[in-house]
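Worksheet: the structure to be examined is printed underneath.
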Amino acid sequence: MDLISHLPALQVIVPMLSAPIIVLLHPRGLAWAGATLAALVSFAISIALAVAVLGGETQTYAMGGWPAPFGIALSVGGLSALVLLVVTGAAAIALLAARPSIDQQIELERQPMFYSAWLLGLAGLAGIVVSADAFNIFVFMEISSLASYVLIAGGPDRRALLAVFKYLIMGTIGATFYLIGVGLIYMMTGTLNLADMESRIGDVAQTRPVLVAAGFITIGLALKAAVFPLHVWLPNAYTQAPHMITVFLAACATKVSIYVLIRFDYMVFQPTMAEHDNQFALFLMPLALLGILVASAVAMFEGNIKRLLGTSSVAQIGYIMLGASFISLAGVEASVMHIFNHALAKGGLFLAVACIAYRFRDLRIQELGGVAKTMPFTCAALVLCGLSLIGIPGTAGFISKWLLITASLESGPFGWIFVAVILVSSLMAVVYIWRIVESLYFGGSANRDTVIAEAPLQLLVVTWIAALANLYFGFFPEVPLALADNAAGVLMGYGK
Amino acid sequence: MIFVFSLFLLSLLIIIAIAIVQAKNLFVSVMLLSIFSLLMATNFFILDAADVALTEAAVGAGITTVIFLSALALTAQRERKVVGGRTIALIAVGVLASLIIYATFEKPRLGDPNAPVHQHVAPWYLEKTPEYIDIPNIVTAVLSSYRGYDTLGEVFVVFTACIGVLFILGAKPASLRGERNVERAGLRHHLIPQVVGRLLVPFIVLFGLYVQFHGEYGPGGGFQAGAIIATGVILYALLEGEAAALRAIPRSVLLGLVVGGALLFGGVGVVCMFMGGAFLDYSVLQSDPVWGQQLGIVIIEAGVGMAVCGALLSIFHAFAAREIAQ
Amino acid sequence: MIDLAVDALSWVLLALGGICVLIGGVGALRFPTFYTRTHAASLTDTMATLLVFSGLMLQAGFTLATLKLLAIMLFLLLTGPTATYALANAALESGLKPEAPTIPGRTRKKADS
Amino acid sequence: MKLLELLGYYNYWVFAIALVIGLYAVISKTNLIKKLIGLSIFQSAVFLMYITMDKVEGGTAPIIKAGVEDQIYSNPLPQVLILTAIVVGVSTLALGLAIVVRVNERYGTIEESEILESD
Amino acid sequence: MTPQNTILIAICLPLIGMLGIIIAGRVSANLREAVTLITALCLAYVVWSLLPELMAGGRPGVEVTQLMPGISIAFRVEPLGMLFSALASGLWIINSIYSIGYMRGNKEKHQTRFYACFALALSATMGVAFAGNLFTLFLFYEILTLSTYPLVSHKGDAATVRSARVYLGVLLTTSIGLFLPAIIWTYVAAGTGDFVLGGILPGKLQDPEVGLLLGLFVFGIGKAAVMPVHRWLPAAMVAPTPVSALLHAVAVVKAGVFAITKIITYTFGIEFLFDSSSSGWMFYIAAFTILAASIIALRQTNLKRMLAYSTIGQLSYVVMAAAILKPLAEVGAAIHMVAHAFGKITLFFAAGAIYVASKKTELYQLKGIGRRMPWTMTAFTIGALSMIGVPPTAGFVSKWYILAGAFQAQNTWALFTIIGSTALNAAYFLPIIYMAWFAKEESGGKDHGEAPFPAVLALTLTAMLTLAFFIFNGPVIELESQVVQGLAP
């Protein structure tokens, strides 16, 4: 077998196997270097995979050489490739910038374990995305969850511990619900392979266990994806986590759960269970709309900048869910695109916040008055990413918003309501982003006797890379669009 | 006959579960929890799941209890009176329960041989294993070859938990009073437990090794073995004091075990890749694929054993050391 | 003929063992003080173990199973009393003084008064 | 026979009840350790569900005995899955307890209500 | 240099200039302003070099990149855009000269940021002018909004920031809330957003929807300041006067009315709208805005605020002219952009000059100021007359064409509106002129002369332009008539 065919496996193995080695790298900075290297390699792998998928065929891999329903199969299609890009890209970017901020927040002797946990988180997320086996997804879900508990618990404030405990409880319940659902389906079909499930579930589609299983899986994953109103764990966790971890998790953690939710529902349930698509839409759409409005409204009044952005993530997840709940080609494409673009915008924003936090301990907005005078570049990047989050044309955020509005206009008589909701929440986004901007640029500079300089170069450069990516993909979104097209086609069953 | 017995056990399970939730003394609930796990293990055994029963007994009833107790020693013994929030919870779980029970009445009955579960994949395992892998214990075969990737993931879950606990408890305690004062004497001054314990420890470890290497033929394998050996060492630590245990197996060695085990498992997979197979495709390890499979299984089971044993012990020590630091 | 006798014997042993367990349980519930209860409970993991296992061994005959049963019995006979001892000892250390043995009636009255 | 039919579902009922008992503890208890205890009941209940499906009437543990023909074996797959799940459970538990210990150090209590007051 | 490149250069040039300004700003103020002037000159040259081709009837266009199928960033020069870009780029030169005098005279801070953002705003203006489809138009429209925000909030004190918040709030809310959905609706309905003469919507939409879509556009393009979305314009007056002069008399506000005119001509199509019954309301809104704005202006005491409301009124002239939906009126709309630009920029220059020289901002303070600042006040008078529409000023020409269009449409309301508003304009401009020249100055005012030379030079130039346009307006009319060629009178 040649290297290319091994890529799906390598995507997971590389970060996973480098994690134990990292633990042993004690000399200063070595652990960071190793972790960054591993992350970059897996990013390269995901790019190669994306290229291969754009080349036309879905990449599949039989673990241990055992054929599909008996062994564990991996498969990477358009959707997986895009999410992989997001996950590995976020990890690579965050790790590249991480060192100064982490040195500030984590004691030196604990850093090797921290970085190793980071790689494990990456491996877990990647493993979820590439896997085509329901139970295997659960295992890697647990790896990533445990790793992210550890990472968040690294937060300096004592509230971090409580936040992560809540997250642990919620996450475990979610995962266990998923496990129950998978068990019920397995009970009725006798297989764990997703594709095989789809082909075998048809005969038993209307039996009670399968219906209940669909419920369990949807709720469990929604819990892990922080779909409103199951999002209560998210803002605290993001606020209290170490800054670079917030960058990493905000960019991709919940996205992966959404990915599993969408994939499971579109590929296993909807083709086989009559009326399921309507149930799915009717279940998700109200939640999505409520989430968009409520979360945006709450974000407008948040005091802490990280908490504000975290809350806005809940609203953004609402967008993704809304697109998915249209059950239409355009809708799915829009939501997949938004997975990508929101990762860009939020990642950039949190990077900028990390830069600011490197200099200022207190992240309440009114305490950040006039920061722009001392950190002009950081603030400029923050504004750029903020515009992308709002969806100003020329930024990545605009693309997905455009697609989303188009999809809602096509979605039927109620389209206008969705458009209205999207626009209103965009305006709310203007408000909460501009609260930050005004404070940064025109706020009365609080009493700071300490001399403040720009953030360290390492952080700054990476932040700007992210910011410029927001611009680049605002003007040249062909690649993600192509992947999203492919994904939507496959999910809606045109690809097969 | 066996059905009636299992009915009795299951009912007991429910009763104990309720007792666990009701007990106000955390120590009591933890003890009941370990009994709960033992009953669970018994049920598993009745349901023909020998490996799972062994694991549940070793991990659920053994290790879990130890960790819980060492955590309790660092925190509170009793829980405060709960105020409110019950009715909502009751309603929620009530709905959930009725939902699941609603679902049960279209499930295949217990032991129904025509259940879909027994139709599709499972028979293939039972029928092909002698041909492809040729070891008696199908569970081990599935665990370490057909679904070896899952098992790798599982090892890494344990690994994550291990470094996680080390990371979280590695933080300096808020108040470092008397850093590592006089090491606890363990049960030195109790003659009888010490003698008996000393007598038992080697046998426990021996049994662990047996379970490890007999896994292909009988119930057992890396996880169970790792857990059992860990239990033995923990018993030693209880008798001789934690410091003595650390003298016997220092932390670095434990970490080495964890890392080594994880890497051993992964390494085998990578070697398979280099020898032209898929990841974890042991058939390529030897000229004869069946031999290759068996070889691979032995190695990765060893890796699993090392990793699990090391991880559980490191976790135990992390808690115990905390105890001393306090 | 002989194996019939063996069978009968084994059943007798098993029955006795069961009775021992029962007695132990009742004692553990009904006895007044901690130490007395421990004492009662300890009956189960000495006498009962011995009887039940020997009964089972007779059932099994001369096979590998017998050997295993023997090993388990030895294990239990070693650990059970030790555990009881450790329990009582811990209680003593935590300052629970054993009272003079009393019959239930008296203690109940004492409890009333 | 009808009774036995119903008894065939008894395991599933026990699974359901144990599950919700655990969940109830997780939701309603404010003591963090008690929550975790509830969590582990919650998880073991799921193990019961999986193991229940692997049973086949007249079957034995799936360990092939040499020379014995037409022997019915129970389903090995759920057992494998649950072996994994058990280890996952204990890992989560260890992590949770470590966090609780740290909480106790930083806050001096493990009662959620009191912690929320102190923040 | 092919026209295609010319377009791209015209858009990139200010950006390059911006970088130059930022770099030069670290060196010295003179260098920085030199860079600004040079950029302005080059830009004007580049833009004007497109004129001959346009006159010849050419419509050069270029597509930069395609974001999504059917949605691309493309540019296409046509008479309206040509006029607008030529106007903006030309006036930028004069404005730069003026800014030098003003900013130095006032010793403003952050001057580098000021000039840089100014260049950026100009680039965005060029983008709007040359936009080849709705999406591109929207893109640069938003960039224009954002790039002017720092200019408006230039002073940075609490009051300024509050006004800037209103500015940004109104413009973003309208553009995201109404303009964007309108655009997407158009794309969904017509399948494209390109600007085609005669419109892309005819036959694609039914009657009530046409009115609704038109409403989304008219109110979505907040920059046109059609009531009730005019609030941002007075708020923006906190900006330094050069900003008010070029951006809020020419670039930004004209971008608004320009966008509306362009959408009416190239997206709806004039005849299509004229035939559709549900689009009539637009005319009345515009007429109402004209009168209301004039009346409010009457009651202002602050010079710049008065000018702002007068701007609102004058902008609605353009909208109304466009809404008359007759060829001559469309031409009138185009010409009025030019005429009003010359007049209003002159007025703002004058106001700024007065502020620099005497720090006077209120009307009552202007008694007798004409004797101290003859040049300034002469220019002011000319500008005011042009606003009223008295010959021989530019204002007369445009009003003439609009009236002609009104006759074509037999639209008596238009006549009344124009007459009424003319009277009102006179009512609020003439007293100032009278006060400035003939009233006696209060004693105790600080002694001052003319504003700095560059400022005076600039406003003199624009005043002369205002007069000149009365005579030399042939080319413009000829150019704009191309837009409405082949339409029934």
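Going in written order, the chains are labelled A, B, C, D and E, and every chain counts its residues from 1.
By definition in this document, a residue touches a chain if its C-beta (ideal position, glycine included) is under 8 Å from a C-beta of that chain, and two chains touch if they have at least 3 such contacts.
Model, not experiment: these values are computed from the prediction.
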> If you take the chains that touch chain A and keep only those that also touch chain D, what is left?
Replying inline: B
> So which chains are sitting against chain C and chain D at once?
Replying inline: B
> Relative to chain E, which chain has the most distant C-alpha mean position?
Replying inline: C
>> When contacts are scored as defined above, which chain pair ends up with more C-beta pairs, B-D or A-B?
In response: B-D
> If you average the Cα atoms of chain D and of chain E to get two centres, how far apart are those centres in Å?
Replying inline: 71
> How many angstrom lie between the CA centroids of chain A and chain C, rounded to a whole number?
Replying inline: 59
>> Averaging over Cα atoms per chain, report the distance between chain A and chain B in Å.
In response: 31
> Cα centroid separation between chain A and chain E, in whole Å?
Replying inline: 44
>> If a residue has to touch 2 or more other chains to count, which residues of chain A qualify?
In response: 135, 139, 142, 146, 149-150, 153, 186-187, 192
> Tell me, which residues of chain B touch at least two other chains?
Replying inline: 100, 104-105, 107-108, 115, 117-118, 121-122, 125, 147, 150, 153-154, 157, 160-161, 164, 168, 171
> Between which chains does touch occur?
Replying inline: A-B, A-D, A-E, B-C, B-D
> Any idea which chain B residues touch chain A in the complex?
Replying inline: 99-100, 102-108, 115-122, 124-125, 145-150, 152-154, 156-157, 159-161, 163-164, 166-168, 170-172, 255, 258-259, 262-263, 266-267, 269-270, 273, 276-283
> Can you list the chain A residues touching chain B in their complex?
Replying inline: 1, 6, 9, 13, 16-17, 19-21, 23-24, 61-66, 69-72, 107, 109-110, 113-114, 116-117, 120, 123, 127, 135-136, 139-140, 142-143, 146-147, 149-150, 153-154, 184, 186-192, 196, 200, 204, 207-209, 211-213, 215
> Tell me, which parts of chain D touch chain A in their complex?
Replying inline: 19, 23, 26, 32, 35, 39, 42-43, 46, 49-50, 53, 77-78, 81, 84-85, 88, 91-92, 95-96, 99-100, 102-103, 106-107, 112, 115, 119
>> Which stretch or stretches of chain A touch chain E in the complex?
In response: 387, 390-394, 399, 402-403, 405-406, 409-410, 419, 423-424, 426-427, 430, 434, 438, 441-442, 475-477, 481
>> Looking at the complex, which residues from chain B come into contact with chain C?
In response: 187, 190, 192-193, 196-197, 199-200
